[in-house]
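Each chain gets a letter, A, B, C and D, in the order it is written, and its residues are counted from 1.
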Amino acid sequence: MELRNRLFVGVIGPSNPSKEIYELAYKVGREIGKRKWILVCGGLKGVMEAVAKGAKEEGSLTIGILPDEDKSLANPYIEIPIATGLKEARNLIIVLTSDVIVAIGKGYGTLSEISFALKYNKKVFGLKTWNKELPIIKVKSIKELIEKILHLAY
Amino acid sequence: MELRNRLFVGVIGPSNPSKEIYELAYKVGREIGKRKWILVCGGLKGVMEAVAKGAKEEGSLTIGILPDEDKSLANPYIEIPIATGLKEARNLIIVLTSDVIVAIGKGYGTLSEISFALKYNKKVFGLKTWNKELPIIKVKSIKELIEKILHLAY
Amino acid sequence: MELRNRLFVGVIGPSNPSKEIYELAYKVGREIGKRKWILVCGGLKGVMEAVAKGAKEEGSLTIGILPDEDKSLANPYIEIPIATGLKEARNLIIVLTSDVIVAIGKGYGTLSEISFALKYNKKVFGLKTWNKELPIIKVKSIKELIEKILHLAY
Amino acid sequence: MELRNRLFVGVIGPSNPSKEIYELAYKVGREIGKRKWILVCGGLKGVMEAVAKGAKEEGSLTIGILPDEDKSLANPYIEIPIATGLKEARNLIIVLTSDVIVAIGKGYGTLSEISFALKYNKKVFGLKTWNKELPIIKVKSIKELIEKILHLAY
């Protein structure tokens, strides 16, 4: 399938996660990679690094939308670094470029991305993330996450 | 006092609020105006319009940070329209330009602004807004809001 | 006249100008101030500082659209600092917020602003600035600048 | 070679070029494609479309940094559409994401991109584009363009 027609999965999460959340993000990345979905993330540390590592190991294309002016600041698992120079305003670009959003863990940047995704009517899947009061699709395992993406994103 | 040294109060809220929320925003605007604080908002309809109307009637300078390229789209109570052309990414500018944030009502754009404010360690005061899981300063009345701003923002 | 209905004059120029260009920008600022036009600029050093100093001394409202996240980085003559965090992308906001643009001196940032202004069909007046190949209105003196703004901007 | 270590070539030019400029951009795209460089462009019509068509036909990865919120607006030769919603402010992202810039033809958007590239000390190669007063590397043929990129960009 042409790259453009693949599912662009935006994965968002904090840059300083617990070890548990980091591992979870890594495993989500591997599942994304196995399906050759395109990974979109913020390109830096923490969840962004873990998910890109997993996805790249399995052969997915990994895109990092960086807050910085210098693309060399992307983590080593990003193949397509997009340097924006826009700081946190780049969070909107992550959302707009993705077909669906997966939130893993909690951070305020993560919450801004969930907000933008809901504003633009994009589906948000959540693993151990913000969810009170929010219409996100809560999942309890990676298996459930992938099943629900397959069911709802097409 | 020089304009620059006045308190810049960012007021955020939905563009299609209930009548109750619109009235509340209008009254908050008047209290901001009485203290000659500078009002920063998104410049469009709903809460943005109501708060600007109240603030302007009492003599405050009103700034509208617009998502549009055309500054004439600002509501009639905005004296300083800032045209950004950045769509929802302009929400970050509202937060960075404000010393404190007051959230009135609930919207996803509002939640993105609360998120940015917390990310940048700005105090967020909330009236009938998102608050579960969030370290915002909840207030139950306009009187309490103004007292807490006076107490905490200086 | 209401602030909003005044002419918003965007003045652009390098942050490290010659002494001659700095003086010129200061004098342009004074003329803007005498007419109570609203000054829009980039809020930092050099031409941005000189023109804001002149405009503020004569009583104009001065707006600085900053590339930074921190509004305290505005020069001391800015009364309304707008913190964007967008680096050079903020140049577009300066142009969109202004009714007309005055370019003084040469810089690559200045040239990007002239380009955006021409793209959006805004009139650009130029004093000792980029002009080869460009449809800007070249003026040779501050007197001529003000006359042409009065003639063409209304 | 890993995608990330390939040369990211930003090609900029007007959306409504002459037939001659369109053809030139197409041929430049093919040369980029033969070398498996990564193409970065604005993702829309005209020069952006022609260069992406050529590059894609030869097997290059093509990235389109769109001004729009909707990535489906990318031209059909873009494999990685990045939706920014930032209008002309997205021009900065094209420049920051590219290692070198090639300008083909003249437009004000193009000139803003040249300005940003020079501001960030990126090399700009020019074919029938803006050049008076500007330190861009003028080339007269596609052969000369490729030779100079090979000589100067590494």
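Definition applied: contacts are C-beta pairs under 8 Å (C-beta built on N, C-alpha and C of every residue); 3 or more make two chains touch, one makes a residue touch a chain.
Worth saying up front: this structure is predicted, and the values here are computed from it rather than measured.
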- Among the chains, which is located farthest from subunit A on the basis of C-alpha centroids? C
- Is the contact between subunit A and subunit D built from the same residue numbers on each copy (over half shared) or from different ones (under half shared)? same
- When the contacting C-beta pairs are counted for A-B and for B-D, which pair yields the higher total? A-B
- Query: What whole-Å value do you get for the distance between subunit A and subunit B if each is reduced to the mean of its CA atoms?
  - Reply: 30
- Quick one: report the Å distance separating subunit A from subunit D, using the average Cα coordinate of each chain. 28
- Here the gap between subunit B and subunit D, centre to centre from mean Cα coordinates and rounded to Å, is 40
- Item | Residue numbers of subunit A (touch at least two other chains) | 69, 85-89, 92
- Mind listing the subunit C positions that touch subunit B in their complex? 2-4, 38, 61, 63, 65, 69-71, 74, 78-86, 92-93, 96-97, 120
- Note on the structure: The residues of subunit B that touch subunit D in their complex are 69, 85-89
- Residues of subunit C touching subunit D in their complex? 86-89, 92, 107-109, 111-112, 114-116, 118-119, 130, 132-133
